Amino acid sequence: MVAQNIFFYAIAATMVGAGLVVVTSRNIVRAALGLIVVFGGVAAQFVILAAEFVAVTQVLIYVGAIMVLILFGIMLTRAKIGQDPEMSHERWWVGAIPALLLVGVMGYALIDYFGDDPLPGDRRVEAVNGSNTATVSDSMFAQYLVPFELISVLLLAALIGAIVIARKDR
Amino acid sequence: MLENAWIIPLIPAASFFLILLFGKRLPRKGSELGVAAVGIAFVLALATNVQWFDHVDDGGHETEPHAEEVVDGGEEHGLGTVSVGGESAAPAAAAAPAAEEEVHSVEPIEKGWTWFQNGGVDIEVGMLLDGPAVMMLFVVTLVSLLVHVYSTDYVAGDRRYTHFFAFLSLFTASMLGLVMSKTTLQLIVCWELVGVCSFVLIGHWWEEKANSDAALKAFITNRVGDIGLLVGMITLYFAAGQTFDIVEINTLALNGSISQTALLVAACSLIAAVMSKSGQFILHTWLPDAMAGPTPVSALIHAATMVVAGIFMVGRLYGVFFEGLSIGISSVNLLALVGGVTVIGGAGLAFVQNDIKKVLAYSTVSQLGYMVMALGIGAWTAAFFHLFTHAFFKACLFLGSGSVSHAVHSFDMRDMGGLRKWMPHTYKTFVIATAALIGIFPFAGFWSKDEILAGASQLGGEGNYTAFMIVGIVGALMTAAYMTRTIYLTFFGEFRGHGHPHESGPRITVPLWILAVLGVTAGFANIPSALAPDSVALRFEHFYEPRADYFPVENFTHPEFSLGIALGATAIGLLGIGAAYLWYWRGLGPHGVTERSAVAGTGYRVLVNKYYFDHLYTDVIAGGVKGPIARAAYWINQNVIDGVVDGAGRLSTALGRFVYTHVDQQVVDGAVNRSATAANSSGQVLRQLTSGKVQQYGALLFGAAAVFAGAIILFV
Amino acid sequence: MDDLLLNQFLLLGAILFGIGVYGVIARKNTVLVLMSIELILNAVNINLIAFGAMHGDVAGAVFALFVIAVAAAEVGVGLAMVLIIYRNRSSVDLDDVDTMRG
Amino acid sequence: MSLLASLAQVPQDPFASPEVDWHALAPDLVVVGVLCLVLVADLFLPDDRKGVLPSLAGLGLLGALVPVLTLAVDGTDRTMFGGAYAVDNFALVVKALFLVAGYVTVLLSTNYIAEGDYAEGEYYFLLLASILGMTIMGSARDLVTIFVALELLSIPAYLLAGWRKRDRKGNEAGVKYYLMGVFASGILLYGMSLLYGVTGTTQLAGISEALTTGDSIPVVTLAVVLVIAGFAFKVSAVPFHTWAPDTYEGAPTPITAFLSVSSKAAGFVALLQLVVIGFAGQAEVVRPLMWMLAALSMTIGNVVALRQTNLVRMLAYSGVSQAGFMLVPLAVVGQIGGDTLTAVVTYLLIYAAMNLGAFTVVMAVARKTGSADITSFGGLINYAPSLAVLMTIFMFALAGIPPLGGWLAKLVVFRAVVDADTTWAYVLAVVMAVNTVISLAYYANVAREMWMNPAPDGDEAPIRVPVSLSAALAITGVMTLAFGVTQWATELGDVATFVASSVP
Amino acid sequence: MDNNQFLTDWGLTLMVFLPLAGALVMMVIPRTEESAHKWVALAVSLATAGIGAAVIADFDYGATQTLQFAVNERWIDVINSRYAIGIDGLSIPLVALTLLVTPVCIIYSWNHFPEPRNPKALLILLLVLHTGMLGTFVAQDLILFFVFFEVVLLPMYFLIGVWGGEQRQYASIKFFLFTLFGSALMIVSFLALFFVTGGETFVMSDLAELVATSDVSRLTGLLIFGGMFMGFGIKVPIFPFHTWLPDAHTQAPTVGSVILAAVLLKLGTYGFVRVALPILPEAAVEWAPWIGALAVVGIIYGALACLAQTDMKRLIAFSSVAHMGFTMLGISTLTDFGLNAAVMGMVAHGLITGMLFFLAGSVKDRYHTLEIRRLGGILVSAPRMGWILGFTAMASLGLPGLAGFWGEFPAILSAYQPGAGLSEVTFRVYMVVAAVGTVFAAGYLLWLYQRTAFGTPTEEFAEEDIPDVTAPEWIAWLPMLALILVIGIYPNLVFRVTDDQLSSVAQSIAAAVGG
């Protein structure tokens, strides 16, 4: 199991580093790339946690869809490619304080409660027809049917609304 | 008639409303209504007196069946309850057995209706008819009638002629109601009503500020006294076990079922009321100012009737005072003291007046002092007798002065002089009344004043009230002096005014004569038994002094007539007159000079005379009698005592300003406004929370979430 | 340290969350703010999956999928907002978006 | 043959499809149908006929009320999907509230949208979508459902808030609302994930079972606080209220009304479900938090509202303080019990009527003056007396002056607090009392403007109120008065109870 | 069912809500139809008075302490509040007063509506106000009472704010905020009362019994009473809370001031006697000395403030503070006598001060100023008005034979021997202070009268011809003046009605404190 730990810490470190790049870099494109790294890392963590289906979805949607959107955004707003000191406020600590407070509280609470509970060795949920993907789908169409249907309306609404708002008309 | 005497006040009351409503439309502007009403009232009052005499002579025997039929009559007329003193005074039935043997008791006639019910208690309104009440009925209606007649001429052509008579009627009604009050509450009501009438009538010519000032002063000063009245009456109400009934209160006070302290408190508070209403020092200052009213008003209200309400009230609640101040056994008490001081003070101040009405006003003050003093020393009968006589001759004097002013259009004695030639009737009546006031034998004042002095010398505990006898005698001397001066300045010497004075018409002179005659004869109403057969002696005492257990009988004695005091008093009176007359006689000197040398022409003589008289007047009488003492007294009166009264007004106004501007507007109200401002400005500060920068909102959101979570984790 | 601990993932999530929070507040450029939001959501997803793994049931995964879908929608809307802002103000600087305040 | 047989060998574990109670779903399905219908109709309608769209949407919403009524008549509590979705009295009452409020919003929008050049079809589509999210929220008893419903009602709202896209304020409103919303849902999600992690379930009932431990666990506390904070944003409770004034001011007025009533109500619905069902065991955590939120919201909302010159902003802050009043019963939750639910629901119903009415008048007046400044209401009594009187009624109803609706709302809240009978509760009651007075100051200020001040630049031309607005005014006005003197609102609040099985 | 039965069941409800119905009718009449509005309003108010008269006539005076014409129906079940109304000896005088005042006000404003005229709005507000006032006096359920108590706020707010003087907006909002603050605390204490008695009912009589039976802790009782004290005391107004009154009175239009003085202030004192004392006797006994203290402070304080006034109307307003002080003193003694005095004081003050404000209004109409030093010689320019002013002033300073006296004297008297559990010494001090207050009253009123009515008109009005009392004024004033006189001569008109009930109240208090 050590390997998993090594994997975990390596990836985690990368993610945190990349995350910091996202929120500190003066180059917007570099920030975007950092974000991609984070997404990838998250997907990898999912794999470690044996949630392949979610991992795949993560990659597809985030890296495939969301990042593209964001890059579009970068293009359409003609952001400077390259260094731009105007990316962050000079009063950065205004953001640091709440962030640290939150992390502090969260960390305290988590460590206090979960201490060092191990994750179960076999983290696979019991498989239907040999794949936990099927399990996901089953529960999604049984218990989570309503939200699932709603998501469709939600996406439709977001799509149409976004278009109406964003389009240059007449 | 006795049971229905309660009608008497209602007649003038009715005429009051009638005059207000229709007066203006009547041919004589409503005066006829007033005169008629008071006339009827007077006749009825006479009838009442006559019947009362029978009642007294029948004594207690007939009262019982008498009462019975009254009860029937009362009930079949649906007039509510009718009771007779004996019953309402039942708790005190056992009281004063001694009294029973001495004199057979004369039960008062009582008649009452439920006025209102409060706290389950029925408060009664009704009639308490006994000696003093009957006597006052006579006095009030008579003087009022004469004043009415007098006024028809005196205020003729006044722009508020009708209102004048309306309020004269209202006053008469209230005064009659007062003297017949069955309950102290009713007494308070009428007490206030007469006050209002006096307010209105003093301010009759309210166009001039001076008059309305005088009216306000009178009313407010009386209100001050009324504090005492209210407190006293309330104390009695509870002390007597929640009753306003006068007879009951007196009875309980006398048979000792009310604590001495309660009585003392009540008596002292009530004395305050007496001081204001009856112009006793130091609340007397409104009375001279009240002379701003028309003279008939001064005669009726401020000499004959209203001002004696205080004396009457004391006499009414005599049980309370007698016990409360333990009059019978002491040799000095507050009541007598107040009276005594007033006797001297009033007389002293009378010297320095140039306004003839003011002189009379101060003389009234001092005479009222006599009455209060008399009550204070326990000479009830003397006091009421003096009240009786004083009403006539003082009214006569006032009306006389009015008649004079009618002729010379002024009240200032410096504008008069020598009027006896022009106004014989006024002159004669005025002199008679003066004699009565001074107390010359056999004029009315002699008898009444004499009784007071006698009382002072004989009544009370060991040592008697001798001090007050001396006071009385000194008062007599001063009275004699200033009255002589008045007569001299008014009717003798040369006329110093303008125009041609003339005698007033019959509607003025007839009342004067009637009063003058009474001023002579009234004194015989109580001629001492030493000087007359019992059938005529002490009739006043016999008929008018209450003889029932609501009136003090233990340690209550009647002074004997003493020749010494009588002579002494007369001598004193003559001495005072003599002094004044001496100056007057000395003034005749220059006539001789004119006979010897023809050089001195008439003009010169006049000059000299004038000079001489003025010298005489200014240097001797004014300089001597008026003198430093009196002047000082007057100064004190105007600046200290009067200053206190006015000062109180000014002070409270100033205090009011301060409280309003500094406390109310700034502290009390300010607090409110400030808190409002505070809320507003805090709003201004908190607006900064929404700075418009969405990321600061975000910071707040995340920060707040973290802080709340942390806080609750830590503290809960 | 041979076994994976739940807290490894949770703390990683917490840290990512914190970084995201810092980003959304400290960044000026709206697009970068959107990116930081994605960090926050991903932190949540890590939590969910980790918990799901711990409880060994699928709810976590499902929840995570919903979050991903919603995130997509939000980003879409967000970009529309960015564009409209840019069109009206020819800038994506959030500090310029403060005409209303108080 | 053998092929078939071999195929048959493959072991099949058939997917047991959940039984669906279509009657229970009917209200939501109707709304879904209508929004699809609107979308399609929008495609085929020529521009001059788009006027039918609002009628379509409105009728659809009223139509959705029919199944609600039938369900109410039927009266049995229904739960589906293992308790994730419940149709109980509470759900029905709030669904009705959302539908009626949505209908009024459509009425408000009709002329507003038709007269400005807005994408009409999409507008109503998004509006309906948002309303759908709310109706679902009324029945959601499961974290995931709640979350998705929340997003469904929020995301269209973000867009609608920015609908006036050519107007700087318009899209500023959109952006601020959007960003704050996303931040909030981030916090919410993290809280939910912790809840799931601690309890291992996403069902509220299950969560409450797992969290009954009296002593407070930091992580649970954290989760509860974060979740509540997420919805505190939705109900614009201080300090999560900052977006409200800006968004209200910049958004199209009908949407402002919608946000200030329906969206706020949705937030409270979720809060009630979470607090009363899910956090039943965590009252010790919830109460102080709610106490702070309530006190802060009432006080800060009021004193800041005192300073506002723009009526819409003022209403935004008044909404903040009103939210504070509605949070008060939650601050005593679980003390003497069920009154919290009654009080909040009653307050919601009455508040919806009053506030929608106020916004309706604002729109009607703005049609003439084109401004929302309080001063623009000067002399209204002279040239539009009925509007002025109605506005007076709504304002003083909001202030809580009997016999207008608001007093009863405040009364039930006072009642809940006093009933709790703890020191803190009484303190909160006094805070309420004081705030009631403060709030009167600015509500009365509007009335003062209308009654006692002259019209700005003496323009006293009468106002033509379109039919749709008159209808809205009629509905809200009657409701506001009726709620004040009848027991309708309180009765509804009283019957609005959760299905027994879900309450611990 | 026969007519009489109908009256029993519906009389009060009809009386209370008829004005409201009238207001609704008037809303649909176009504003231009001024005369129509006047006539409708007058007719409605008179009809209301008629119904009220019928009820009062039908009232059984043998049993004034029992609730009559009582109705008790379901209203708001969720909070156990009921539509419980009825009248007894305490309600009748005030109901009668209200029934009289409103029509009188309508008649008075017949020809001169204050600016901005708009009779429609004014009259509608008056009628709504009418409903509120009547409702308060007949309500027997605390919540219902509270509702009516508040209903009067809005119309009065607009009466002051729209038709008032220069400072009207400040005055109106001040009045509103003050009262609302009080009633907010009041409702809290009502609810507290509701729950400490087990949350069963808001009906006053039942509550009284419940409190008697259930053991309410001393502190709770005191606090609850405190809340009510704030609510009622601000309305009265008791001394430190009085500052809204002068502003409101000074700024309000004539009819506004009249109704404010005649009825609205009474809501507070009525509340004490109707709600606070019977329900919380023990607390009442503990509060009484403080109430009494504030009352006598108010008497002197109000009088002093009067002496400082330069504005006639403001002076009258402050005189209200002093007069209500007497009423509160009577209440604070907790004796039958004092309570009777208080109710009598309410009626008398209603009539007299109402009259004074009418007169102030007429003076304002004629002279366009109320500055005392600019006035003078009213008796010369308008003699009848001058006389009426004098009469009313006399009544106001508590002249025996006029109504005012019967509010003052018994109050002072009752302070000599306060109810069970109260310190005699304290209250005797109060008694003396109050007696001194009567002197002040005479002072400022006569001073006012002297400076306005006596003397000759100031040169600025010397040649101006001032119209004397007009026909509408006569019609409006005569009933009030007549009542002042009649009650003054025969106070039993009021005492007989109130005595039994108030005695029972006093006895129950005494019984409660074991006195």
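Things worth noting here:
Lettered A, B, C, D and E in written order, each chain numbered from 1.
The rule we apply is simple: a residue touches a chain if its C-beta (ideal position, glycine included) is under 8 Å from a C-beta of that chain, and two chains touch if they have at least 3 such contacts.
All values reported here derive from a predicted model rather than from experimental measurement.
Chains that count as touching both subunit A and subunit C, per the definition above, are B, D.
Legend note: the chain whose CA centroid lies nearest the centroid of all displayed protein CA atoms is E.
Greatest centre-to-centre distance from subunit B is found for A, with centres as Cα means. Taking each chain's centre as the mean of its C-alpha atoms, subunit C lies 65 Å from subunit E.
For the pair subunit B and subunit D, the distance between mean C-alpha positions equals 81 Å.
In whole angstrom, the spacing between the mean C-alpha positions of subunit A and subunit B is 105. For the pair subunit B and subunit C, the distance between C-alpha centroids works out to 99 Å. The multi-chain contact residues of subunit A, meaning those touching 2 or more other chains, are 89, 94-95, 98-99, 102, 105-106, 108-110, 114, 144, 147, 151, 154, 158, 161-162, 165.
Under the contact definition stated at the top, the residues of subunit B that touch 2 or more other chains are 676, 687, 690, 692, 694-696, 698-699, 702, 705, 709, 713. Multi-chain contact residues of subunit D (touching two or more other chains) are listed as 144, 147-148, 151, 155, 159, 162, 165, 171, 174-176, 179, 183, 190, 194, 197, 218, 221-222, 245-246, 307, 441.
Going by the touch rule set out above, the chain pairs that meet are A-B, A-C, A-D, B-C, B-D, B-E, C-D, D-E. Within the complex formed with subunit E, the residues of subunit D that make contact are 342, 346, 381, 385, 392, 396, 399, 401-403, 407-408, 411-412, 414-415, 418-419, 421, 429-430, 432-434, 436-437, 440-441, 444-445, 447-448, 451-452, 486-487, 490-491, 493-494.
Looking at the complex, you find that subunit D touches subunit A at residues 11, 13, 15-18, 20, 32, 35, 39, 81-82, 84-85, 117, 119, 122, 125-126, 129, 132-133, 136, 140, 142, 144-145, 147-149, 151-152, 155-156, 159-160, 162-163, 165, 171, 174, 190, 194, 197-198, 217-222.
Taken in their complex, subunit C has these residues touching subunit D: 10, 13, 17, 20, 24, 30, 33, 37, 40-41, 43-44, 47-48, 50-51, 54-55, 57, 59-60, 62-63, 66-67, 70, 73-74, 77-78, 80-81, 84-85, 88-89, 94, 97-102.
Of all residues in subunit A, those touching subunit B in their complex are 89, 94-95, 97-99, 101-102, 104-105, 108-109. Only residues 21, 24-26, 33, 94-95, 97-102 of subunit C touch subunit B when the two sit together in their complex.
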